[in-house]
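Take a look at this one; I'll ask things after.
All chains are identified by letter, namely A, B, C, D, E, F, G and H, in their written order; residue positions are counted from 1 within each chain.
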Amino acid sequence: MPKVTFHEDRCKGCELCTSVCPKGIVVMAKHINSMGFHPATVVEQDKCTGCAFCARMCPDVVIEVEKEEK
Amino acid sequence: MPKVTFHEDRCKGCELCTSVCPKGIVVMAKHINSMGFHPATVVEQDKCTGCAFCARMCPDVVIEVEKEEK
Amino acid sequence: MVKVFERPKSLTEKPFHYCPGCTHGIIHRLVAETIDELGIRETTIGVGPVGCSVFIYEYMDLDFHQASHGRAPAVATGVKRVHPDKTVFVYQGDGDLAAIGTAEIVHAAARGERITVIFVNNAIYGMTGGQMAPTTLVGMETTTSPFGRNKETQGSPVRVSEMLSTLDGAAYVARVSVHDPKHVIQAKKAIRKAFDNQMNGVGFSLVEVLSTCPTNWGLHPIEATKWLADNMIPYYPLGEFKVPTAPAKVEGEVE
Amino acid sequence: MVKVFERPKSLTEKPFHYCPGCTHGIIHRLVAETIDELGIRETTIGVGPVGCSVFIYEYMDLDFHQASHGRAPAVATGVKRVHPDKTVFVYQGDGDLAAIGTAEIVHAAARGERITVIFVNNAIYGMTGGQMAPTTLVGMETTTSPFGRNKETQGSPVRVSEMLSTLDGAAYVARVSVHDPKHVIQAKKAIRKAFDNQMNGVGFSLVEVLSTCPTNWGLHPIEATKWLADNMIPYYPLGEFKVPTAPAKVEGEVE
Amino acid sequence: MAKILMKGNEAVGEAAVMAGCRYFFGYPITPQSELPHYMVKRLAEVGGVFLQAESEIGAVNMSFGAAGSGARVMTSSSSPGISLKQEGISYLAGAELPVVIVNIMRGGPGLGNIQPTQSDYFQATKGGGHGDYNLIVLAPASVQEIVDLTIDAFDLADKYRNPVMILGDGVLGQMMEPVEIREVQVNVPEKTWATTGAKGRKPNLINSLYIVAERCEEHNLRLQAKFKQMAKDNIRYEDYLADDAEILLVAYGTSARIAKGAIDRAREQGIKVGLVRPISLWPFPYEHLAEVAQKVKSVLVVEMSAGQMIEDVRLALNGSKPVDFYGRLGGMLPVTSEILREIEKLAKGGRSNG
Amino acid sequence: MAKILMKGNEAVGEAAVMAGCRYFFGYPITPQSELPHYMVKRLAEVGGVFLQAESEIGAVNMSFGAAGSGARVMTSSSSPGISLKQEGISYLAGAELPVVIVNIMRGGPGLGNIQPTQSDYFQATKGGGHGDYNLIVLAPASVQEIVDLTIDAFDLADKYRNPVMILGDGVLGQMMEPVEIREVQVNVPEKTWATTGAKGRKPNLINSLYIVAERCEEHNLRLQAKFKQMAKDNIRYEDYLADDAEILLVAYGTSARIAKGAIDRAREQGIKVGLVRPISLWPFPYEHLAEVAQKVKSVLVVEMSAGQMIEDVRLALNGSKPVDFYGRLGGMLPVTSEILREIEKLAKGGRSNG
Amino acid sequence: MLQEIIMAGFGGQGIMSMGQLLTYAGMLENKHVAWIPSYGPEMRGGTANCGVTISDREISSPVVFEPTAAIIMNRPSLDKFEPAVKPGGIILVNSSLIDKKVQRTDIKAYYIQANELAEELGNSRVSGMVILGALLELTKVVNFDSVEESLKKVLPEYRYNLIPLNRKALEKGAEVVRNG
Amino acid sequence: MLQEIIMAGFGGQGIMSMGQLLTYAGMLENKHVAWIPSYGPEMRGGTANCGVTISDREISSPVVFEPTAAIIMNRPSLDKFEPAVKPGGIILVNSSLIDKKVQRTDIKAYYIQANELAEELGNSRVSGMVILGALLELTKVVNFDSVEESLKKVLPEYRYNLIPLNRKALEKGAEVVRNG
């Protein structure tokens, strides 16, 4: 199952990732990170297809994506 | 009958006029003008058609062309 | 599990200072990914601009020159002539490249300098507070066109890729965008080609990347990507304007 | 008897200092004739370059600015903005316009400055002793390309008219030549159009005139005209690259 | 007359408009951006022309064209941009064109930073461009003075047909102080030399080329005579508690303001210290300074640079007094307490080692 | 060692090649054109790179790139072109890059003419660009000295990581004199800081940006310490009949040569006159001049300018002696007989009024 | 009277305008005034501060090195400016945002729950005005009416409805410090 | 020995090279030498002149203001340089091209039909060498062998055949002034 990891400290809360996830599973967290932004996070990780759209769109290289080896 | 006049003092002897006269009647003079150049001059003025090619090609505005009024 | 997307090695750990949602960050990453793929981190020298990306040298784990405003192509020329075997790339904004640096980019292209230029067109001067750039669209409000850019008095935006494509020395010229993932992937391909060309000894390559400036456009980052797609792309059509025709020349070969 | 060809009134009596056979003189005359025809001698302001034609102000009986090397389009912009009702023209060589002055000409064109530019392309730096210009043909020997311009290291000649034609602000761009009387007549027509446009409030107009430099080409003036026809025209095709499309705008009207 | 609170950069712009300037050519650079931002709107109101050039070189040459055409013109930048204008400035001086040039100095050399400095003093006063020429260089120290000097700058430029520079820094550009916005009687002298179309007169020529050396020397001698006159007529300075001073500070612009703060505190301690603040940096108040310095024991120059104006101070004193220096570099401001410490040292008869 | 007859401009080029310079970036301008014309051929012989840039700005920035990449680099121009390079020169100084810059001065201000002058002294020595920085400025007075100083210039540039300027004029550039073409031991220090690809080491950065003022000040203090060291180690001058002189001339470059001619003639008349010729204009030989001047009655500065170096002479003498001036402007040369007349005036106890 | 006041906090807290407002009020009272921002790279980084000088005499240095009073709106500003305050001076800390206490004993510290107080008044955005009110009360540098007057100069007319709220905030702040 | 020589005429007469040749010869004799051209706008206008200094001592000024000798190859140069020649100096006029006479009496004038003499030798292009020969004879500034030697340095090898002719021209010029 694909997995996305958010390096939350780097997130600036721009929301670009949320707008491009085809599954709509990236949302903004309620809490504030060390830079003072609401960071993005994934809900329903199991729906993730590992398409990496979120990661490719993130200007701050917050997101890593892993997939099972085939 | 058309008439070409060479303001000889201004001529730098570049020969461009000689090369473009369709009648071949512009030639370089033997003598030297005040600037030290062999000036261009017209021979067989009567063959001149007044086409002004010589004048248009002269970089130093040496040549004037007159024609009879029609 | 394998990583299908991770931080490129050619980026340092330092967080970008860019505003939230500024796509300079995406473009930095694409360059770094390309350098990683080609395995040329240790043989690449970057030349940075004056503009919001002035600190690029802090983010890329490479040898770098910080050039004066607009002159990065000239600096890169000096670098490349001394190190013809190294990969030399330039990163410039639109104020830097298309305004003050016009002569330098035109002549680097005309000379066919074997360098790769990443040209970030965000239609504005980001760093200095959102002034009109040569690339600002007609009607766009900026701090120096507060009533909207007036075509009659302030002129029409310069299409850099089209202009440089008229030069024989320019081998590869493409315009891409990074406003959505699909375009990010295309942008990456163009950047890759622009580096490949240099390594193959082909002449000057430039990739114009349409980019957002949410801060100075006064838009939310998501709105900014939409605005780019809706307004910039119609005036700045995407595509490859010039691709190398002749087979790659060996460095130093002379006709 | 009527004069069918005489010295234009807008020329002073002072003999040109140009070398024998240098076609700068023809081009000066064409500009003067145009000004005479339009009856605008008293309302025209010229801006001269640094180059062999630096003394143009001594030959034309007009108000003139002697601009710094390459910056004549910027100077003309200043003049025209102060005197929008006057006719402002610029006379520049290819070193002046296409090398050091690249940014100034590109942006005057992009802004659609309502000025007329006479661009004399003789493929060389005449005044300073025959150095390579951005317009020097590949293989051509000059004092700074003594082995012939090498495309690989010194780049390819810039086609200014084609390059500027990519700019929306450029209303009229044409390339002409003065190597024979027929072409002189065509050149005159283009120059006339370029002035007409300005008077009609149409934007930026530029006429590139292919010109000889017998001295630095090391050719007799007649050979030089032949060399121009045989070598320059194939690389620099003649013609109108851009003609005004929209009807002329009234000065100050804004969309 | 109403007072309003204004930023220094905006005050430059407003004063220019008051002085009848209707043409502004610039290129963005921090920390002077409020000036173009202000001008683009203000000139639209009064029917002037604001034009953002493609570069500083474009801007100075547009100014050349507009000034040669008879207009009152301003161009503005900050240190690196002013360096780029040096060829153009030399042309303006050579062709005798009245342009007001604003330099809001920032940290150098190179890209440096955007913090306030005074490290372009030499460039401004000794000629950063080639050839023998001088600019009138005016250094305001308050927003009100920015207004007054900018207005004067236009008059002086026209009077002498010479470029005039307003030399400020980021502090002056960004700070707000009350200014009096007064009616200004705009008196532009008739410019019969300007290019307006050669109608009913001989052509006018705007030119700095004198290809024959003898002519070029004549031209230069004429310029030198003009500079001499300019130097004679335009010396400006302010004395602050200098009358009875035993220690004399010399500083201009922002560092003079900070120096005043230190002087106030030193006076509280009973130390007799005063200030001469050159307002015109060119012409420099050599004689005045020499006169005031006669009565003092020691002189301390305070600059936001490695020591540039100090050379003019030394030239003024011509060895008559020791001259000490306290300076901060690279965008750091002199600190009142540190200046005070230098003053105390001098008061104790030591030498400052700033 | 063989002597050959060479033009000054060509000698600059040959010396550069002797010193291991393999990169030349320039843009045509009279009267330095023989230098690029020579270099394009000579560098082809030794496998170097000659590149004609699109402008002087292009040339100085190409030099920046090449110097930052570890090469020995030269760029050359004349007055207006050098003005255009001022931003670039400030960047070179800020980023500490060793580039040898040649200025073959011509008449100004503005377009001026192409005749020899010395009117860029201030620009060269006080900093025509923005910010606090110094160039080493070397002023040869013969073709042999052009060779020697050019070779030294490359070593000094590398030693201090600082741009070095060779300041000449049209006379020096165009004249021919015999020169010794000797074998030069080229010792380029290892440039571990240069950009060569970050292989097996941390990335190298060529940079002049220090956005935080505290860092920028530190950088500047480091630069100032370097300039101090440079100033200490590199003072050069020549004394000519100065030992017993009662009248001291101070002149450099071409005007020093002409001054020597006048001195020879004055000595024939028995007037005790000598010369100090600064060879390094920065650092200026302040102390040496002060020392020599102690014994003289009066000092005459001769320049091909309106008087620029005279300020440094006055700073050196610090009021201890009267300083007179004889200068020619706009491309005119000082004339031996006129200098002689000034000397005679001073010998009679009068003041020169040159 | 010479008051040299530092106001410091995050960008977006309205620090700069608050400083300008105070400066304006001083000008209206015919005092000598100067306002000076810090600018530069920090600005994008987030912190913003400005100095306000108000004096009976001509102002020598407009740069505030040793403030007689400081308004502190975030934690980094406390660290930065606490050491700078003139001995005997005052420091006003927005304790809604800062939990740290002032360490120095030679200056007088006031902790004001400005955000809570502002919210009590119905609008959290006037927290700055609450602290400013406290400053006015403690220093008497200008009076409330002048600040209200300057608001009129600074705000566009359609915003005049906000003036009473701002006035209330000022008074609230004053009250808090008056009472201890 | 200090000789300061001006050579002046039209561009194309080989004046500059003649000056360089003389300079070279001086160098071969281990004398101190300097050559200096006039440059600038005149050059395109047509006149060309250069100064040559040859001395036993180090050369102070390479600029020749008061020549000890002048070779004059055209009329305008006569007008320009006649007044400059040092009293007691000499002036050599190519009388093939100049019909005017020298007016000054404090200098010694020589008129040489250089073009005719050169044509007698079979090549009008060596007229300059004829005058140079005269100068050498009169001033002894360098000897003929050194000039011949320098020709070898200056000419490409395939031109060495011209050397005897040039030598003859030098001697011809010397002969003319020796005899007259």
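Quick note on the criterion: a contact is a pair of C-beta atoms (placed from the backbone, for glycine too) under 8 Å apart; a residue touches a chain by one contact, two chains touch by 3 or more.
Every value quoted in this text rests on a predicted model; they were computed, and no experiment measured them.
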Per Cα centroids, the chain farthest from chain A: H
Most remote chain, CA-based centroid, reference being chain C: H
Geometric centre distance via CA averages, chain H-chain B, whole Å: 40
Distance from chain D to chain C - Cα centre to Cα centre, in angstrom: 33
Centre-to-centre distance between chain E and chain A (centres being mean Cα positions), rounded to whole Å: 54
Chain centre separation (chain A, chain D; CA means) in Å: 58
Multi-partner residues of chain C (at least 2 other chains): 19, 54, 66, 68, 99-100, 102-103, 106-107, 134, 153-154
Sequence positions of chain A contacting 2 or more other chains: none
Shared-contact residues (touching 2 or more other chains) in chain F: 30, 49, 51, 54-55, 57, 80, 87, 91, 95, 110-111, 113-115, 207-209, 211-213, 331
Of all residues in chain D, those that touch chain C in their complex: 99-103, 106-107, 110-113, 134, 138, 150-159, 162-163, 165-169, 249, 252-255
List of chain G residues in touch with chain E within their complex: 20, 23-24, 27, 33-37, 39-41, 59-63, 65-66
Touching residues on chain F, where the partner in the complex is chain E: 57, 79-84, 86-87, 90-95, 105, 107-115, 117, 119-120, 122-123, 126-133, 207-221, 223-224, 305-306, 308, 311, 314-315, 317-320, 328-332
Chain F contact footprint on chain D (complex, rising order): 50, 54, 66, 68-70, 95, 99-100, 102, 125, 127-129, 131-132, 134, 143-147, 153-154
Residues of chain F touching chain C in the complex: 23, 25, 49, 51, 53-55, 57-59, 61-71, 73, 87-88, 91, 95, 195-200, 203-209
